[in-house]
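Each chain gets a letter, A, B, C and D, in the order it is written, and its residues are counted from 1.
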Amino acid sequence: MSVLVRILDGALSSQRLPHVLNPAPTTEQVGATLVFEGIVRANEQGRAIRALSYEAYEPMATNALTELARDILHKHALIAITVEHSRGEVLAGERSFRLAIDSPHRKEALAAMDEFIDRMKRDVPIWKSPIYI
Amino acid sequence: MSVLVRILDGALSSQRLPHVLNPAPTTEQVGATLVFEGIVRANEQGRAIRALSYEAYEPMATNALTELARDILHKHALIAITVEHSRGEVLAGERSFRLAIDSPHRKEALAAMDEFIDRMKRDVPIWKSPIYI
Amino acid sequence: MTIRVLIFGSLARELSCKDIAVDVAESATVRDVNQALAAKHPSKASFFQSARLAVNHAFAAPSSPVQQGDEVALIELVGGG
Amino acid sequence: MTIRVLIFGSLARELSCKDIAVDVAESATVRDVNQALAAKHPSKASFFQSARLAVNHAFAAPSSPVQQGDEVALIELVGGG
């Protein structure tokens, strides 16, 4: 079981981490891999934006993401969770968030992803601000 | 809005299709991209297996997947669905199924993925047979 | 007329064949094919009576007609994917 | 003692600052800090009274003590991600 959390400057690369959707899965028990990516949309509440700017309160943001990932991993009996979140400016059309889950089964992976993102939005100190065109 | 369905011989490549998790998303409205991959587990009902063999009844399998994808796309107001499923032998640890969803929002993407896979397992004529060690 | 019903997966393995031939009347419906399958395999009668059949690659209602030359397939999935 | 409560996001933009200084007693709790914030901004009193505070990078219960030198931050998220 493994947890990896990274807060990175600017947009996330479109490249997967080497161990996300791994060509050789970590264990023989992985039956489902689920990857979610959040992309900055060109509109925020009906107004065109150029970018979002993310502010992370560190080290609490990294600590809270790590604790959340560990808790979700155990609760849903997952095999691995990888989380990446941007800080700073991310242009419309670029990625600001990625969550990858390796699980024995699909249902647990989907439930874990939903719960992770809900709790992250509530409990992890990362704020976004629109930068209008 | 787009739908792509492919039934492929053997294991799926670990490479994404060019338009899945696209570096330049298809439209400015994509806010969430979700990719599920099904991986053959080394056990089937407690017995070690070498591989699963998938049998697709064609052209009904491709037709049913395409109809299902179109229906889910409209119902959940998604932007794109890509589906790949193996036929023939897929070794333990290899991918046999991939579903990628581009959506304006996360909740619709997760609900669509869950519904797609449930209905696929019920309605799409693809059977799997274990090949024991 | 004789209809050869295609079978797949664990059912095909269990019966060691790829189809089941049944005799039905010229004016037969899908329901008649289900009944004929059940009569041929009494130990699995309830399974065959309710099993979903596809005619020419689309699921067909019990009341749909079946004609000579139609491709009929028994589509019961257990788990899949 | 004076506690500088860090603020972020739309609240920081609205108030055009990065923290709010409040005066509380030496034996103050998190609840006292909330009350002092509310007193300082009456138009947003109910928001500040219930806003979650972190002390030294962890969410703190209303009854937790706050000491000189603690890093206190107001963590209210609207949407995020």
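We adopt the following convention: a residue touches a chain if its C-beta (ideal position, glycine included) is under 8 Å from a C-beta of that chain, and two chains touch if they have at least 3 such contacts.
All values reported here derive from a predicted model rather than from experimental measurement.
Colleague: Among the chains, which has its CA centre at the largest distance from chain B's?
Modeller: Max centre-to-centre separation from chain B belongs to D.
Colleague: CA centre of chain A versus CA centre of chain D: separation in Å?
Modeller: Distance between chain centres, rounded to whole Å: 27 Å.
Colleague: Using Cα averages as centroids, what's the distance between chain C and chain D in whole Å?
Modeller: Taking the average C-alpha coordinate of chain C and of chain D, the gap between them is 70 Å.
Colleague: Round to the nearest whole Å and give the separation of the Cα centres of chain A and chain C.
Modeller: 47
Colleague: Among the residues of chain A, pick out those that touch two or more other chains and give their numbers.
Modeller: Residues 38, 117.
Colleague: Residue numbers in chain C touching 2 or more other chains?
Modeller: none
Colleague: Sort out which chains touch which and give me every pair.
Modeller: A-B, A-D, B-C
Colleague: Given the complex with chain A, which residues does chain B contribute to the contact?
Modeller: It is residues 14, 21-25, 28-43, 92-93, 104, 106, 109-110, 113-114, 117 of chain B that touch chain A.
Colleague: Can you list the chain C residues touching chain B in their complex?
Modeller: Residues 6, 8-10, 13, 54, 57-59, 73, 75, 77, 79-81.
Colleague: Which residues of chain A touch chain D in their complex?
Modeller: 38, 55, 57, 59-60, 63, 96-97, 117, 120-129
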